[in-house]
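What follows is subunit A paired twice: with subunit B in the first complex and subunit C in the second.
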Partner chain A sequence: MADVRDRAQLILITGLILAVSFVVLTLLLNTVIYTENLASRGVDTGGSEAIEYQTVVVHGLGELVDGENDAEHQSQSEVRERVENGTSGFNETVTASYLERGVVADVSNLSLDDGRLLRQTDPSRAFTNRTGTANWTLATGVEDTRSFVVTVSNPSGSTPGTDAFNVSLVSLGGDRWSVYVYEDGGALELAVQNVSDGSPTLDVCGPISEPARIDLTRGTVNGEPCGALVFGNGISPGAVYDIEFRRGDHIQGTYNLTVNTATAGTSVESQNFETVASGTSPYEVPAIYSAHVDVHYVTADLRYRAEVRIARGEPP
Partner chain B sequence: MDRGQAHTLEAFTAALLLVSGVVFALQATAVTPLSASTSNQHIENQQRLVANDVLGATAENGSLREAVLFWSPSTNRFPGAGERGYYTNGGPPNEFGETLNRTFRERRIAFNVHLTYQRPGTPGRKTMVYMGSPTDNAVTATRLVPLYNDSELTAPGATQTLGGADANGSFYAPDVADGSTLFNVVEVEIVVWRM
Partner chain C sequence: MSDRALSVTVNYVMSIGIATLLLSVLIVSTGASIEDRREEAIRAELEVVGQRLAASIESADRLAGAGGEDVVLDVALPERLAGKAYEVQVSPGPGSPDLLLETSDPAVSVSVGFTNSTPVESKTVSGGTLRVVLADDGDLEVRAP
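Here is the complex of A and B:
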């Protein structure tokens, strides 16, 4: 009968072993899951916070620059001074709020590129120059343009290329990129002619309600992205161009654009514009085109430094 | 005969051991960080992300700035905030508040919203929403919102710009950058926890 007693012991021992191995397995699984959980959380030294700070700086100073440009100061030195004041004020306040969390966040080495803001603010005026000429040039030898927004209504002329208003960029080599605003059965429509196109592509990004806010540099129409609208599509990067309005008497509305005059050779055709003080459209205003700053973000674990360029509404 | 009973008993004991092993094993899993509990690390991570994203999204569509400017100069408090000067039932009655309510309150997640602004000396603090004292598992998210002199107050009936409101002292934060359009930089902090 010895074998029978052995079997009972065997069952007992098996039960014990099973129980122990279950417990061990559970603990092992628990450890694995916990380790994985810790590992997948990433080495958080605050890299994303540094990027967030940089975003705050780019947005904040971008708005500051645009705010000062919009305020239409009389002289270039006044805009510069106010942007510099604003930047140091911005830096002090933001630095103070980061210091509370034990972070040194700082903006330094501000440098500004001068520009001119060209604008028309009277929504019922045609897109003609100061003296009423319909075909005219806004600026020549331009390398950088940003925030080029036209808000238009009441187009006349239904054939782009022959009788409709257009904005054109013309490079030194003669490459031409045009956006036409024309009328088709009472509705406002948009046509785009890229450098390589033989004729304009009609009715892009429609239907468009009036007044149509066309952001040429960002490529949006009434706030909606418009794939066909790519600023200066086909003009080789780095090439300088002239900005022209053709048949400006076929449309009315407002426009704003900022050109970079810090680059050599860029000049605004001032004879086509009124001065700021006159208050009548179209006029040109001293402005800041872009700002460069060094961004520093220092914590106990992280040292982040970047040079950022701030120019809102540049073509992508 | 006796031995047979003893064997049966032994078998039962073994079975019991086995079963209690299994039960113990199942109980032990309760401590994993994946099991549901209010102290769950994953929930905290998730809430921190959601809070950050709410701030990011509202900053992007402008409703965060509108909420910071949602200030009634005549009563000198957030419109409709009552005696205490802050909202206790949910977000403020604007788009930012609706976003907070949709994202958190409807899921029974409580939140507080605090504003910190700079002023000469110590920073000032304003409570916009206070739904109670946060628990130990609360998470926070912050975002900086720059304000400019020409930003308009968004409270119903208020037409003033910040520059105008500051001139007669009717905005909670002061102008800290004279000689520029910058007005102040407000830090919005939301504290989020499960009720």
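Here is the complex of A and C:
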């Protein structure tokens, strides 16, 4: 028999093996805990913030462009300069606030497309041209129009197509899209004639309270979406068109639209407008139609760059 | 008389034998249970890792959809799960799981789906920190950084 001190080796070895096993088990459970911890963390590595920043840029610069257009500067170079300065100011402010969070968010390569803002601001004036002609053309060879809003009241004439005011887009090929504003039993109503229609569809999106704010490019009436109102519906995409008012003396109100004059062939019928801001007559002023910028958003885990075009109120 | 056919040696061998048997059973069953645990741990971890990668691919997809021309997204994932290296197969499309994560020993595989509108390139990469990139051909690609 061995010495008393040599006993229990088996139990000792087994105990050791079990101890090691339990340590391994603990480590295993530890990695599970780590993974569960990983699972409970947010999974987005900044993608949402990048899109949020891009939205901030589109919204901010959109406001800036429209604000400068509304300011009715006298020359194209002045409105360009204001927008360029405004953009760099906007960029500095926003970039600084993102830098504090360890994010490089930046706007660069600004380029601007010139346009003309056509408007009438007297709500009690008829939709005639500068000299009082009722059937007239606002612009010819137009490819892009945005923020075309008319606010109208007191229509006269109850038969669209015969004696009611209409705004029409007429393509080079002769396709015509028209929106009529007419009167029916004392109420203002709207009719739309798409290129393929033989006659106008009467009383769309009613009832309409006066003054009626009709956003032709966005397709809303008094802020409510109007499914029947689709800007230039039927005129093939990319085709140029003329913008006309017919029977402008059968309606009164205000209007605003911006046309893109950076595209070749687009011209505003200047003889129909005053060239300085006027409280009583329709007028045209220099404007920016659209802006293009590169948006950069860089964090430790994410690099994102996109070229963004800013032209608010374009047809969808 | 009751001590007959017994010797100190027989007694010793028998008790050693029985003890060895009992202790072996104990060790083997502990080992087996640890192996089970390891498999379960790997499965849970593959699932989490797969979902993180899927979320990053979807995030890159949204960025590409928002007009992104340059999209690079790093996703930090562990290189080993419960001490085992793993592989990720990206194979979107019908007939196969979008993401298949596998370890070979023990053989555990987990599939995870994702939704995308930008096409994602099929590829197999080994586990660890991965990078989701919008490649020149307009497809999203999962690469090692």
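We adopt the following convention: the second predicted complex is superposed on the first by the 269 of 316 C-alpha atoms of A that agree within 3 Å, B and C clash if a C-alpha of one lies under 4 Å from a C-alpha of the other, contacts with A are read in each partner's own complex, and residues count from 1 in each chain.
The rule is simple: contacts are C-beta pairs under 8 Å (C-beta built on N, C-alpha and C of every residue); 3 or more make two chains touch, one makes a residue touch a chain.
None of the values given here were measured: they were computed from a predicted structure.
Once the two complexes are overlaid on the shared chain, A:67 sits against subunit B while remaining clear of subunit C.
Of the two partner chains placed by superposition, only subunit C is touched by A:303; subunit B is not. Of the two partner chains placed by the overlay, neither subunit B nor subunit C lies in contact with A:239. Once the two complexes are laid over each other on the shared chain, residue contacts for A:50 go to subunit C alone; subunit B is not touched. Shared-chain residue A:25: touches subunit B and subunit C both. With both complexes placed on chain A, subunit A has more residues touched by B than by the other of subunit B and subunit C. With both structures placed on the common chain, the touch criterion links A:11 to subunit B and to subunit C. In the superposed pair of complexes, A:100 makes contact with subunit B only, with no contact to subunit C.
By the touch criterion defined above, A:85 reaches subunit B but does not reach subunit C. Subunit A residues 1, 11, 14, 18, 25, 29 lie at the interface with subunit B in one structure and with subunit C in the other. Listing the residues of subunit B that touch subunit A in their complex gives 3, 6-7, 10-11, 13-15, 17-18, 20-22, 24-25, 28-29, 31-34, 41-42, 45, 116, 118, 123, 144, 146, 148-150, 176-182, 184-185, 187.
Those residues of subunit A lying in contact with subunit B across their complex are 1, 4-5, 8-9, 11-12, 14-16, 18-20, 22-23, 25-27, 29-30, 33-34, 37, 41, 56, 59-60, 63-64, 67-68, 70-71, 81-83, 85-90, 92-94, 96-97, 100. The part of subunit A that touches subunit C in the complex is made up of residues 1, 10-11, 14, 17-18, 21, 24-25, 28-29, 31-32, 35-36, 38-39, 43-45, 47-48, 50-51, 54, 300-308. Of all the residues in subunit C, the ones that touch subunit A in their complex are 8, 12, 16, 19-20, 23, 26-27, 30-31, 34, 37-38, 41, 44-45, 48-49, 51-52, 55-56, 59-60, 62-63, 66-76, 78, 81-83.
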